[in-house]
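What follows is a set of structures to go through.
Heads up, the next two complexes both have chain A, just with different partners, chain B and then chain C.
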Partner chain A sequence: MNDPNTSSQESGFLSRRRFISQSAGAGLVLAAPNILKAAEKGGSDKIHVALVGFGKQQEVLFAAMKNIPGLHFQAVCDISDWNRKKGMNQVRAHQGSAPEAYVDIDEMLSAEKGLDVAVVATPDFWHSPHTVKCLEAGLNVYCEKMMSNTIDGARAMVKAAEASGKLCQIGHQRRSNPRYRYTFEQLINGQKIAGQLTNVQAQWNRSLGASQDIGGKKIPKGVQVDEAILNQYGFKDMHQFMNWRLYRDLSGGPISDLGAHQIDIFNWFLEAQPKRLYATAGKAYFKQREHFDNVLCLFDWETKYGEVRGFYQVLTTTSSGGGFWENFMGTEATIKTAEIAATSAIYRESGAPSWDDLVGQGYLKKKPAPPKPAATAGAVASYESAAPEEYDLPGGLPLVTTKDGKVIPKPAHQPHLENFFASVRGQATLNCDARHAFESEAPIFYINESADKQAPIELTEELLSV
Partner chain B sequence: MKNKLILTTLTAFTSIALINCGGKDGGDEAGAKSGDATAGSASLGAGTEGGVVLETELPDELIEGTPKPIKLPVAHEDPTAAPQFKVPEGTVLLSKGKPVTSSDDAPIIGSLDLITDGDKEAGEGYYVELLDGLQWVQIDLGKESEIYAIWLWHFHSQKRAYNDVIIQISNDPKFEEGVTTIYNNDYDDSAGLGKGGFAPYAETRFGLLADGKGTKGQYVRLHSAGNTSNEMNHYIEVEVYGK
Partner chain C sequence: MSDEATPATEAPAAQSKESSCESTLACDKLALLFGSILCRLWLGVRALQTGIEKYSGQKAENSEVEAGGEATGLYAGSTEKAYSLEYYTGVPEGLRSQFEAEPLMIGFALNIFDKLLGPALIVMGITLLLGVGSRISLLAQGLLYTGLTWGLILLNQGSGIAWLGTHIILIVLALNLIKHDRLVILKKW
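Here is the complex of A and B:
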């Protein structure tokens, strides 16, 4: 189904990146999917969607999908009565008819005819089994990141996608974010604005209030799931069901849950996988949890710029440092990317060529210079570097009109979902197919291991390949 | 509808929230234009002179998921403590366990009785979700009462602001006659119930406390029109205090 020269059949970062840079926004037609064939024969051009899992993350995805025309939500599958009912009613409120509802995905895939797509937003340890089942059933799949809680699970997803010939997009939504794409394609590669990239740094620091166990003091009766069903689907109890991110058998923990988003950007922008990593981690506050509550990791890359070193931290006990962002540091500029515009910026090194032409051509907008700090006692002025000039990083999310006519910023996940559904229609190519998501995620699977062993890990080709 | 607007609101502001300013509709996620509709809006008064400070059991903070940027028409500060507001001695909680009706009689999830069940925790199972667009919930106190305060929690496990929060009191269950609006932050009258003078606010575990001013009525109706995270309407708890 896919063009063998593109998408999931293609391997290697450089070829992928070259393709993306050539095709971004071009809307290439790569295949002739069934959707188009049906429309050509006078059938419906609706894409029939199954929502697999309807927890918090699927709610976020569904809110974005509601803005995408041409989707019909045919089925909802979740083992929780509460989640399933919420999904059914949200779909009913949106499209005027309730979807079919299922507890079990096998039953759904067996009973439902005409499904085109599955959107998988289940706990991480179910991503791979659910995705593989749907691909093998002939569905195109959008699956939340992290691909799996194990690297073998992720490998199975790549193999299933390539064997099925179906599309499999992984939910690293920044890959379709206009600001990130603009930064990578126009500024870093196009204008080579950062000069030689030498270092990267990122963080996701989350406050204690945002890191508590879900479920509160008591779990309401309406939310409870029968114990036999919980056990059947791999959960020991309701605490595991609601807090699967805290358990080692069910997820990769904070470095996977939060860190994967940003380490993916490191690898994407650097067009390489790290050659080694070294992590240190601990349970500074949540001592009873299986996963670390703070993880710090060093990376080494060999890139087209030469050697690059990076540092990543995820902390779940403090929001220090302004939440979550990534820094790409080069000889001529530092680019700070984030999903939130207010946290994004680009800083010109004082010795770099002027950006006046770029401002004139509309590539950048200069921010007003901050007030000069007062001289501090003991400072030796001649040793201090001049403060870099700060510029806005363009490419914010565009506006979207909701069903009831309100104009709001496009939800952060919508561009990535749009890219997926456009690809299903044969009008685009995936921005984050399973193989390339695997290449980017693979190093992340070794971070907890490095912290456990308190030793660096050489990331050989064998470790990082499918 | 005959509305009488009482321009007071009860929120305790002490720390600046990381919230962008902008209009209810439109603007990108970095929008930073101040609206004029709510500039200088009313703030919390002290309440009844010689009264007692109203207290309630506050829920714990529990934030879930990735924060979403939200847009409010004026710079906003989050509370760090419950408001200190005085009500006449002898004021009691009138709404616990009282029946609730709604413009959406088939909630998306949850049930209307959650609104007066006394549980204010964040998270699944503690809230009712109503359809998108302008929706209301209505509490029947059982008899006409003097209402001195209404304490409201929409949804506090994610920082978000609800649109067009309007609180009304009446003896008419249809709210066609004798309606008193005690709180309204619909700064552009998009709900069609009159332009409000109060500033939109971000949800926290401290909730929103509105001054009832001793208004007499049997019914309390609360309106909203979606929020900055999604189009739906949510309620965790509403407490009506009076005599």
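Here is the complex of A and C:
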């Protein structure tokens, strides 16, 4: 299973029993997602891309794709005139020629010849139908996470990808982030600097201001979509179209929208799926919303380290605790990872072996010690652990020069897209194909259910398999 | 008494100096020549370098970080300023997207303006600095700044409009002084 030369065809015909037997143990395939053999495509050919959906997330992806050479954006598809026009303008400004524009994906797939790739960034409940259609039409697909708003939708994507033999990368972009990969491959597995991992913890806390409904009460005329079109594509009205993340039939809510990225990292780094979870959640502030505004979830894993327990929270009413990050807590160190480099850090336990040698070899950089806090009458010194030393990674993502001569850190989504397009060219293997994304996302589909039932859920093999 | 007497005794000398300048016009001519050159020089440099800066950008330098003698996939980066045709940006991207959203802005006109802005500024800068058809160059520069002003009016950017307004005042001043300018290659136009 860990053989990187295993083809997608082979993986598509894995029996369920074989899959379970290989994934149920601690050495789950989650840790080695480079399973799919890349599609064969000439190294110098242009890759012809269809952009399916051109909302805010596609803009983020497009900004990253603009830095990747050899792409031709052939078509843009969106039901919104505003989004479609925006997409066409951005593509034209980038490549000098406008793409073909479509309202309907079926029309696009039947009319457009020579497409190689679809980049799907539509609302979650459309991910699975759109991805399946594109795969069946013979396109390789990059689809935003969460794979679907339902586990059956996600299952359909895995089956379609494996039946078609085409590539399907899911947008868990941290999987290709060099900082995350270095932390996992070199520090945790290579140098084993955390010792025995025993606990994980992560949060995505977002302020009230950033969690408000999009669009407000008065949506400009130019942005509005005809009601008949909205209804045809599953939206009740403009509010649903702009705020689909708030509706149960259209998305998994904050735990899947924000939490999926980080729970994926739990499963990737621990090389396992959780055995059980228990969530509590509610509508503390946004009482009219269908989804919970605050979700807290406990997980239990059986891993190669032994038992690991974890806690995850997504709060949409406060940015407390520094936004979003993940903590991997071991007997010798805590590794704090985050997509924002400045938020990450590595803390050495005072009793752990010295890391001077690792610093000398370039594996880590030592941060200056913070000022020692003054002793207070309320603290009992003998009860406290010594403050851990703080370290940092030795580098970060490369800087890139944009087409108009600006230097920016490589956009966070770019490495994952580069990995996808390199795989399409046959020069790499996917870092997060549909099957591995499914394994990682599957537990997330049960978090809202646990909170609804106010009961723990045993995550059996049947629940977590395709 | 002496305080009152002093101005009375100095006044004739000052009057004599002024009338000397008026009679010969030597002082004014020199000042007007300097004024016209400075005005032309300032506007020429302003246009030329602004045009050249449209081709400037930052070049990223990355060195891959090694640990234990092997590549890590991580980078240490630095930047340096560079000029290249491929860095050309006429209308800055932030402004461009705002213009595109304006209903009165015509798409193809924006594209033409975007493509011509940098080269036009460079040409105007060179002709002004060399003194080739200075009147036409100043008129063209004034029209260009008026076009930019119209765009900023659409976006309600008061400070930018005022800033361009000072350029127009300088252009009008330069046009007024141009007849005194002798250090030119082509005086006509």
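FYI, the second predicted complex is superposed on the first by the 419 of 466 C-alpha atoms of A that agree within 3 Å, B and C clash if a C-alpha of one lies under 4 Å from a C-alpha of the other, contacts with A are read in each partner's own complex, and residues count from 1 in each chain.
What we mean here is this: a residue touches a chain if its C-beta (ideal position, glycine included) is under 8 Å from a C-beta of that chain, and two chains touch if they have at least 3 such contacts.
Predicted model, so just to flag it, every value in this text is computed and none were measured.
Peer 1: With the two complexes overlaid on their shared chain, look at chain A and say whether chain B and chain C clash or fit.
Peer 2: Aligned through their shared chain, the two binders clash on chain A.
Peer 1: Between chain B (first) and chain C (second), which does A:S207 come into contact with in this model arrangement: first, second, both, or neither?
Peer 2: A:S207 contacts chain B only, not chain C.
Peer 1: Quick one: name whichever of chain B and chain C touches more residues of chain A.
Peer 2: After superposing on chain A, more of chain A is contacted by B.
Peer 1: Tell me the contact category for A:A93 with respect to chain B and chain C: first, second, both or neither.
Peer 2: both
Peer 1: Per the contact definition in the header, classify A:Q186: touching chain B only (first), chain C only (second), both, or neither.
Peer 2: In the superposed model, A:Q186 contacts chain C only, not chain B.
Peer 1: Check whether A:G396 is in contact with chain B, with chain C, with both or with neither, and answer first, second, both or neither.
Peer 2: both
Peer 1: Which partner does A:R425 reach: the first (chain B), the second (chain C), both, or neither?
Peer 2: In the superposition, A:R425 touches no partner, neither chain B nor chain C.
Peer 1: Which holds for A:P178: it touches chain B only (first), chain C only (second), both, or neither?
Peer 2: The second partner, chain C, only.
Peer 1: When the two structures are overlaid on chain A, which partner does A:G362 contact: first (chain B), second (chain C), both, or neither?
Peer 2: So A:G362 only meets chain C here.
Peer 1: Is A:V223 touching the first partner chain B, the second partner chain C, both, or neither of them?
Peer 2: first
Peer 1: Touch test for A:V407: chain B only (first), chain C only (second), both, or neither?
Peer 2: both
Peer 1: After superposition on chain A, which segment of chain B among 78-86, 96-104 or 204-212 overlaps with chain C?
Peer 2: For chain B, the clashing option is 96-104.
Peer 1: Which chain A residues lie in the overlap of the chain B contact set and the chain C contact set?
Peer 2: 89, 93, 396-399, 403-404, 406-407, 409
Peer 1: Help me check something: in the complex, which residues belonging to chain A touch chain B?
Peer 2: So the residues of chain A in touch with chain B come to 56-57, 59-60, 63, 82, 85-86, 89-90, 93, 207, 209-210, 212, 214-217, 219-223, 242, 323, 340-342, 396-399, 402-404, 406-409, 412.
Peer 1: Given the complex with chain A, which residues does chain C contribute to the contact?
Peer 2: 56-62, 64-69, 72-79, 82, 84, 86-89, 93, 96, 100
Peer 1: Give every residue of chain B touching chain A within the complex, in rising order.
Peer 2: Going through chain B, the ones touching chain A are 18, 20, 24-30, 60-65, 67-69, 71, 106-111, 119, 121-126, 129, 131-133, 226, 229-232.
Peer 1: Which of the residues in chain A end up touching chain C in this complex?
Peer 2: Chain A residues touching chain C: 89, 93, 178-179, 181-182, 186, 361-363, 393-401, 403-407, 409.
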